[in-house]
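Next come the structures, one after another.
Paired with chain B in one complex and with chain C in the other, chain A is shared by the two complexes that follow.
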Partner chain A sequence: MKCIKIDKNEWAGGLEAAASTYRLFGPVKEDEFYEFKALEEGRAPDAAAMAVRNTRTSPRSVVYPQAEVLFEYTTDERDPDAHVMKEPEREEKPRAAIGIRPCDAYSFVLVRNNFESPEYQDVYWLRNYEETTFIGQACHDPCSTCFCTTAGCGPFHEEGLDVLLADAGDHYAAKVLTDKGETFMKAAGWGDEIDFPDEEWEGWKTAAGEKIVSEVPTDRLADIDTLALHDADFWDDVAFSCINCGTCTYLCPTCWCFDIQDENKGREGIRYRCWDSCMFPIFTLHGSGHNPRDAKTQRVRQRFMHKLKYFVDRYEAGIQCVGCGRCVQHCPVNIDIRKVCNLMNSFGETESCSVA
Partner chain B sequence: MKNPYYPYPVRIDDIVVETEDKNLKTFKFSFLNPEDEEKFAYRPGQFAELSVTGLGEIPIGIASSPTEKGFVKFTVNKVGKVTTHLHRMKVGDIMGIRGPLGNWYPWENLKGKNVVIIGGGFAFTTLRSSIIYMLENREDFGDIHVIYGARSPGMLLYRDELAEWEKRDDINMHITVDAADDPDWKYNVGFVPTITEEKAPEADENTYAIVCGPPIMIKFTQPVLDNRGYGHDHIIMSLENRMKCGIGMCSHCNVGPVFVCKDGPVFTLDQLNRLPKEY
Partner chain C sequence: MIAYTDKIQEIARRLLKDCKVETVIGFRKGSVPMMNEPCFITSADAADGLVWDGNCGINLANYLTNRKEKIAVFAKGCDSRNIANHIIENKIDREQLYIVGVPCQGMIEKRRIRQMAPGEITEATEDGDEIRVKGRDFEEVYNRDEALQKNCAVCVHRNPVIHDEMVADEVEEQTDVDRFADVREIEAMSPEERRVFFRKLLEPCIRCYACRNACPLCYCPTCFVDESQPQWVGKSQNPTDIWTFHFLRAYHCAGRCTDCGACERACPVGINMRLLTKKLNKDAFDQWGWEAGLNLEERPPLDTYRPNDPEEFIK
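Entry: the complex of A and B
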């Protein structure tokens, strides 16, 4: 297998060279945890940053910022274009996500289903996505909460990546997967091609996969009746401890719900979108005061049904979850998507067995 | 790539106060750029996002018919932040319209069929669009019945047009009010379900009902239609839910796996029976 060898001594220098062509994003230390953010000039992720398995929030903000301006406008009546929306100017430099984990990179492949339909294309998301090069880093040592291997990807998963790096001690072995990846490697000045032993790579991959001990069963989800699952009797139990804080949805790489708001400063204004969460009652509140999901159970059910059933029904792309485990780690009341997925996947199983 | 969030700039050309409580106004808009009118080609039953800078957008059904050229009309109930501001705007003001959005009443399937329109309150907007459209293409449809009710005569929308349609012999109008203190009131008095029971034609394979109104009206009208033998695939309804994007992306309006904004707002009752009641 052809790989590019990146000596770790050449890591920072390569990224500095690439930074003249790309806006770089990567894991950055923020107090006691790491966030996936724009890298300041000359600040390549160091060994500690590259060892981070899950940044606190997912890297979705690289493509889909927490707040993003859609339009600018003026309300100044003397301006002939008063009240007419204008798209803001865009930064020309493309982006590169450095050290993104395979599950997080794969999340964009899933989320693309939402932002690109035959009828409509979300120009903001798609332009950001298309211009981003994903330089991934394989996970040799997954977390105990990881369940990527049963959520459609894995610690060495390549779909959604342009380059996959594997840590080989004093160097990275870089598997270049796309033309975009090749262009990035050139910009970084990394071109030391080596013949990497396939069996060593596969050995790493297998060893990493074996360290993942938790699983989500998904084999029955597609065939279960949607309405019956919606009306299942376990939702009150699942939702019992939920405090509707929304942490799960904000940390998640595959959550995409957003709100659109206007904000004026004097006579100038912006229309922007920002992340929203189906955990909040106002998310579905009608102008009349009626709220179709006014109870907590309904909102918790919505989150799991959306990820594990509606998405499955709609796109035939598996579940809307990559198994990163952030929601499992950070839920303040220990609600665990793996358990809920298990409940959902086994819905009706016992009855049908007893009938049989 | 076309930006689906871009509202076409429009000017308010006319504002009509529709109801005696002054809570409903009809706004007539013309496009600042005439070519945008073509891009806004719509069908009755669709909606659009009305956009006011600094306040935001609201999804509102299109009340004009595509057969009416040179303008688009929306009837807006004063409810929240955007609509309250809209009610204070004046002729000549500039704002935006984004759309058309959503699906429409199934005109392809309704060709050659009898259509019974059942509407209540201010949900009559896209039904007005539909009636104008059907009358303009009268030969494409069989019998047309319209059952439309409001709380009182002064709460009926489009009263001049209702009176004109009453005079025609190619449309059967059944206007009703919950109660009337006007001694000259010459139409029906009674709730929509009661009038439906009395006036709606018998169901058959060629007759479709389009039902649009407040939840309470729908709740009591549906058993009437069931009794009269209307199949659930012959009952067409339009849903509302809180929306932001209008194009199936922000996920505010989902009902099970479908989005009201993109896959709807029009569904048959048969389709709704298979979805959670989250609307």
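Entry: the complex of A and C
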């Protein structure tokens, strides 16, 4: 197998060189945890940052910022562009996500189903996605809450990546997967091609897969009757502890829902979109005042039904979850998608289901 | 505190069997280390699933709002004070509740233990004053007192203030704690220093509203940040909007907050927004000697009017 060898001594320098062409994003240390965000000029993720398995919030915002201005306008007649909806100036440099984990990169492949369909193309998301190069990093040491291998990907999964790096001690072995990846490698000045032993790579991959201790069964989801599952008797129990915050949906790499907002000051205004959450009661509040998901159980059910049933049925691309485990780790009341998926998948199999 | 589990199961079983209550609200064992999940049970058989240890920090008063049935609830000191608040604010009737008091020795801050541990914790058990944690290739023992939630470390109301039954004898209350040291540090700052401090404090906020939703005080049918006619607060990541949310929420909790720590505990990005509510707790204490939820008789200072109020502005 052909790989590019990136000596770790050349890591920072390479990224510095790439930064003249790309805007770099990667794991950045906050006070107590790591975020996936823009790297300051000349600040390559160090060994500690690259060892981070899950950044607290997912890299979703690289492509899909939490708030993104769609257009701006003025109604000031003295301005020749009055009443014209103008797109704000865009940064011209393409983006590169450095050290993104395979599950997070795969999340964009799933989310693309929503933002690009035969009847509808979301230009904002697609443009950001297409101009981003994903330099992934394989997970040699997954977390106990990772269940990627049963959620459609895995610690060495390549789908959605342009380059996959594997940590080989004093260097990274970089498997270049696409032309975009090759372009990035050139920009970074990394071109030391080596013959990497297939069996070593496969050995790592197998070893990492064996360290995954969590799993979700998904084999029956597609065949279960939607309405029967919707009316299952376990939802009240699943939803009881939920406080309806947006932690799960905002940390999730595959949640895609947004709100559209207008803000103006005097004669100037903007329209932006921002993440929204199906956990919030106002998410479905109609203009009439009617709210079809007025009760907590309805909202919790919606989140799981969307990810584990509606998505499965509509796109035939597995579940809308990559198994990163962020919601499992950070739900303030310990609602665990692994348990819920288990309940859903085994629905109808036994006479009664219990969560505990 | 793990010793409470048997007693808690026994009480729940008895209350349900004797039809004293329709529902018992407590905790079941969590699916990840150092987490338990609030749950409700309606049959005596299910009582076996209830647990109690230092990972029951979620405030169960939050789960009582607008319920109609007769409920038994397990309540730590802070939970009981928030229940008292609920009763005073007419969110629930005292008669509807069977309060089982749980004397508390402080709840564990899992983030702190995670930081202390050399790797990912896959198992954690409490044993008296010690917490034993295990990972793939390590095992460590920490002193419980070093790993308490910050609010628990300075708590002076560990015993429930109202209850129908106690799980165990009262624990000794802490008396030698400086509750407001952190607030005084902020008070000593110049306005500019404070601005910088608050900016840094609230910078990580992702507006998930976990703090608000974990808070037993935040039961408004529609929060001011969710109002759309008119809309008071923007929904982007604009710092002014984020500040508005946190500051206004804190003011809404003035004279009501018990410093239960639910907000900080729930925050997925580790913001200590308790610093805001604590300042108001300190003001209420300094000005009126008031601590929220200590009994059912006294009205909170901010919903009381007395004709002989010494302040001119209010007359």
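To be clear about the criterion, the second predicted complex is superposed on the first by the 342 of 356 C-alpha atoms of A that agree within 3 Å, B and C clash if a C-alpha of one lies under 4 Å from a C-alpha of the other, contacts with A are read in each partner's own complex, and residues count from 1 in each chain.
In this section, contacts are C-beta pairs under 8 Å (C-beta built on N, C-alpha and C of every residue); 3 or more make two chains touch, one makes a residue touch a chain.
Values in this document were obtained by computation on a predicted structure and should not be read as measured data.
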item	value
Superposition on chain A - do chain B and chain C clash or fit	fit
Which of chain B and chain C A:Lys186 touches, first, second, both or neither	neither
First, second, both or neither for A:Ile243, with chain B first and chain C second	second
A:Asp259 touches, of chain B and chain C: first, second, both or neither?	both
Partner chain(s) touched by A:His306 [first = chain B, second = chain C, both, neither]	first
Contacts of A:Arg220 with chain B and chain C, given as first, second, both or neither	neither
Partner chain in contact with A:Arg90 - chain B first, chain C second, else both or neither	neither
Touched partner set for A:Gln121, first chain B, second chain C, both or neither	first
First (chain B), second (chain C), both or neither touched by A:Asp336	second
If touched residues of chain A are counted for chain B and for chain C, the larger one	B
Which superposed partner A:Tyr272 touches (first chain B, second chain C, both, neither)	second
Once both complexes are placed on the shared chain, angle at chain A toward chain B and chain C, C-alpha, multiple of 10 degrees	90
Distance of closest approach, chain C and chain B, by C-alpha atoms in Å	5
Intersection of chain A interface sets (partners chain B, chain C)	259, 261, 263
Touching residues (chain side chain C, partner chain A) in the complex	28-32, 35-40, 49, 58, 62-63, 111, 115, 120, 122, 204, 206-210, 212-214, 222, 226, 228, 234-238, 265-270
List of chain A residues in touch with chain C within their complex	30-33, 35, 56-57, 66-67, 143-145, 237, 240-241, 243-247, 249-251, 259, 261, 263, 272, 274, 277, 280-282, 328-330, 332-336, 338-339, 356
Touch list for chain A against partner chain B, complex	70-71, 73, 75, 82-85, 87, 114-115, 117, 119-124, 126-127, 226-227, 230-231, 256-264, 269, 271, 273, 276, 278, 283-288, 290, 292-293, 298, 302, 305-306, 309-311, 313-314
For the chain B and chain A complex, residues of the former touching the latter	1-7, 9, 32, 51, 53-58, 79-80, 83, 93-96, 215, 240-242, 244-245, 247-257, 262, 274-279
